[in-house]
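Here come two complexes built around subunit A, the first alongside subunit B, the second alongside subunit C.
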Partner chain A sequence: MISNLIKRKIFTLLKVQYSNMLEYRVEIALWAISGIIPFFMLNIWTNNNLNESINISDIMLSRYFLCAFFVRQFSVVWVVFSFEEDSLMGKVSPYLIQPLNPFFRYFAQHLAEQITRFPFALIIAFFFFIFNPESIWIPNLGILILSIVSTFLSFLIQFLIQSIVACLCFWTEKASSIERLLFIPTLFLSGLLAPVVSFPKYVKSWIYLTPFPYLIDFPANLLSGNETNIVGGLSMQILWILLLFPLFKKIWSEGTKKYTAMGS
Partner chain B sequence: MVKNIIDVKNLSKSFDISYKETGLKGTIKHFFRRQTKSLKVIKNISFEIKEGEIVGFLGANGAGKTTILKMLCGLIYPSEGSILVSGYLPFRRKENFLKNITLIMGQKQQLIWDLPPIESFYLNASIYDLDKFEAKKRIKKLSEMLEIDKELFIPVRKLSLGQRMKSELLAALIHEPNILFLDEPTLGLDINAQRNLRKFLQKYNKETNATICLTSHYMKDITSLCKRVICVHEGAISYDGKLDLLLKKLSPVKEILIVCRSEEDAIKLENYGFTVKNKIKNEITIKIENNSITSSLKTILNNFDIEDLFINEPPIDEVIGKVLIKKDYDI
Partner chain C sequence: MILRKYLKVYKKFLHTSFASELEYKTNILVDLITAILSLVGSIFLLSIFFQNSGYIGGWKFEQALIIQAIYTILNGITNTWFNPNLTEIVKHIREGTLDFVLLKPIDSQFFISLKKINPSGFLEIMLGFLLLFFCVRINQIDLNLIFLTLSLITISCSICILYSLWFFISTTTIWFVKTWNAIEVLRSFLYIGRFPLNSFSFSLRIFFSVFIPIAFITTIPSEVFLGYSVLWKIVLEVIVATVFLITSRKFWLFALKFYTSASS
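What follows is the complex of A and B.
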């Protein structure tokens, strides 16, 4: 039954959403470019020799931030904004009476957008290597596969967190403001601005109990070849998914009872 | 015997509405302390609808027609009472129930704006577990019925409102539902597009024996599609029955414009005992009760020299308009 769902519904959704995304190729190129925060952070770190304090070489640090850029490109989620708009405008109503949870549509939309984004991310990486030829490396196949899996798990965690927040639309109508609150820890604790290893020890022990370091820091360290606990990191990612998924299902089921089909 | 497909008993729905006073004081007060009030928008209604019936829901804006449709299709949760649609509790949204129904809202769209409608049709087909061959067959059939076979490959944003509405209808009917909930399906369409849509719905009902629940502010939609109407007034049912009975009850008289050959005949007719609405030279308009039309016309034709006469039905909008502002109709 699940394979049927994946094969037919998700595949068709993905195909249609990909066609839709190709209509917006210029926007997607701009979105990809707008995700270059890690490169700014790399510049700040290397120009101020901050990496010396955490024993990471310039090369490893530049690889880390390039990987952070890649992980971010393929795990960025905006479902809360789409769902909030659709919910307030009543667009979600026709989807609610179809035999497929509307979040599958958003899920496919995100995956399609990632596929569209991929060539642009490669072009940016190409330019990165032109300016930093010493950072060029080829990860081994095993690590590459694990990094792809880890990036996808990171995407799933973020998608579930945002979907849970999105479901709050059924109560608050402006759930995106809650997401903005979450954006602050995501920005600082995920490894986007600095590798988590650079945080003080007592802070780190707390951070690793939250889902944030598994969003960017862990997959970026894995892909860049920095020292990391692969089994521990992947297990934590899976654990967070297993915790968040039932929570999403519960909040979805309670929320739809509150749905008033505004605007329609 | 035709079985009931929709069974509604003592259904009520309340919404929490927040109130805000005007002015800065009201805004600040609203910021610190929200005042909400529970508003009962549907009040203890009961009705049944038989398989294959086309039922029109009539009512003024805000009367509760759309809320009823939304509860019937499982979009919103009822506060009290019970609903059974095709044997299912709609709000549980069981897959087999959802495969049996569709909801079309005139002002809302589900088609993907930047892609041709055919992409949305195939997407819906896969959501409803139709294989490609079956989907292709149904798209062909429905697009021919709706006369949009030439527009299938044009992006939705480039289609006219009428073409878009027809495409919405195709997307909503690709799984051949047995029950259609239509909320103002002809909203914003031109006269020809409205007529074509009505013709299509009649044909769909005839061919598939589908049950149709319809709300519309265009009386032509109601009169040409629905034999039965349910009038909703402030969340309660004010009339549930045959449309023609309601019309007879609401407009018991007809106006007849009589053109006499001479002004003297018009004067004689004016004084004959009929209720005269007005008289201009040799033209006189009289009011006659529906049940004495034949005998009255016989009398007029036998006793007066008549050049022409016109029987005017009162405008249906005017008649139905009376329903929208009244609480009860005992027919």
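What follows is the complex of A and C.
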């Protein structure tokens, strides 16, 4: 009974958010285009023959960056910006009265956006293959399912981290600057701009203990068929989610106690 | 007379926006750390590119650092002036407050481009200059008057081109209402400015000098610093900058004809 109710809630939320997202198709298309930085990086790598030193062939590297693009497309999170705006505008108050954690709303918003974004990402990939026909490959079904799972886990990790940052809005009001700070290590260490294998030794020795390489590098390696430790990667992702979730619950319950509505 | 009036108005703008920004003091500190980390991150990325190869697109590591320095200065300028003001156009048009801007007895482009200021961008500009002086030392560039005027001319032209690009995209809001994401696309393209143009493949080089003149923004000033630059390139940059400034101005006046206020 209860689980049925939750299911219905989630389904309704998704439906509402999906139709909402479909209104802004152009926006989402543009947003998909803004994620093409990995392709520029690929261009630098192959054009200067930098990949020879890290023992990855041109084709494998181009697949890697294409997968990095895909993983990034489906793990973009912006919950802190939505929450900050809602909290500054006082929109959080009505959400808090409802018998549903407002983060479910944002979660459904993100999922709906990903569904809307999917065709655009496919179109960009199609153009990529026109320019690089030799890098076409078809991953087998098992790998495909595993990489979709790991991309989703990567999305969950980022969603949890950002939600924790978003909860800081209860104390500071402008939490998005903290998010911009956290985005810098995510950008440089996640493997979006350069695969983690190419990092110097002094970074590689500690980077696998942080959540960053599991955000893009691991799912992208998995999908593109580059060498990676599947069991280790997935368990690290789950470990980080298990660590972050109680933290989020704690900060959420502390924050709502602290909350004083705007404009009241 | 007119100039004096505008200077007076600008002083007032500075005063009010400083007062409101300084309310969030910790924010400025967080932004400073973000700027430093972002510079460290991009130097780290550059060092990955150079770890097994002495030259990238004909540039040595020490020379490529100049591009980073100039990029950091320009990014600081973007964060100080362009970003806070030109993203505001979207808000003006969505909420119909552009009416109030147009009714004021001063130039609307002046008002819209310079109303706000984000002081944390200054820190980034200073950071860029520090790196630039460091580069001047390690590349043993001798500072003489001709060199200084040339670099000043090219950097100001870069600022003009950058401003025009931002203003151009923000102006399209009058037709499309929401252009947040178009700005994101521009931002991701500008990211290319961190690397020497020659490190990209021929087709991308053409794209980034003809369609979106990012090549002009950082590469030409850096070439001036190294003494590589030829006169025609500098003249070309001055021409491109003037053309961009004039067109963006004309485009704004043209777009205003299509402005139909919100809810009327």
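Going forward, the second predicted complex is superposed on the first by the 257 of 264 C-alpha atoms of A that agree within 3 Å, B and C clash if a C-alpha of one lies under 4 Å from a C-alpha of the other, contacts with A are read in each partner's own complex, and residues count from 1 in each chain.
Convention: contacts are C-beta pairs under 8 Å (C-beta built on N, C-alpha and C of every residue); 3 or more make two chains touch, one makes a residue touch a chain.
Predicted model only: the values in this text are computed from it and were never measured.
When both complexes are overlaid on subunit A, subunit B and subunit C end up sitting side by side without clashing.
Once the two complexes are laid over each other on the shared chain, residue contacts for A:253 go to neither subunit B nor subunit C. Once the two complexes are laid over each other on the shared chain, residue contacts for A:8 go to subunit B alone; subunit C is not touched. Which of subunit B and subunit C touches more residues of subunit A is settled by the count: it is C. Using the contact criterion defined above for the overlaid structures, shared-chain residue A:16 touches subunit B, although it does not reach subunit C.
When the two structures are aligned on the shared chain, A:57 is found in touch with neither subunit B nor subunit C.
In the superposition on chain A, A:40 makes contact with subunit C only, not with subunit B. When the shared chain is aligned, no partner comes close enough to touch A:205: not subunit B, not subunit C.
When the shared chain is aligned, no partner comes close enough to touch A:229: not subunit B, not subunit C.
When the shared chain is aligned, subunit C comes close enough to touch A:27, but subunit B does not. Distance between subunit B and subunit C in the overlay is 5 Å (nearest C-alpha pair, rounded to whole angstrom). On subunit A, the patch touched by subunit B and the patch touched by subunit C overlap at residues 24. The residues of subunit A lying in touch with subunit B in their complex are 8-9, 11-13, 16, 19-20, 23-24, 90-91, 93-100, 256-261, 264. Residues 24, 26-28, 30-31, 33-37, 40, 43-44, 47-50, 52-54, 172, 174, 177-178, 180-181, 184-185, 187-188, 193-194, 198-200, 203 of subunit A are the ones touching subunit C in the complex. Considering their complex, residues 15, 66, 70, 73-77, 91, 93, 95, 98-99, 101-103, 105, 107-110, 112, 114-115, 119-120, 122-124, 126-129, 172 of subunit B touch subunit A. Contact residues on subunit C toward subunit A in their complex (touch as defined above): 24, 26-27, 30-31, 33-34, 37-38, 41-42, 44-45, 47-49, 51-53, 56-57, 176, 178, 180-182, 184-185, 187-188, 191-192, 195, 199-201, 204.
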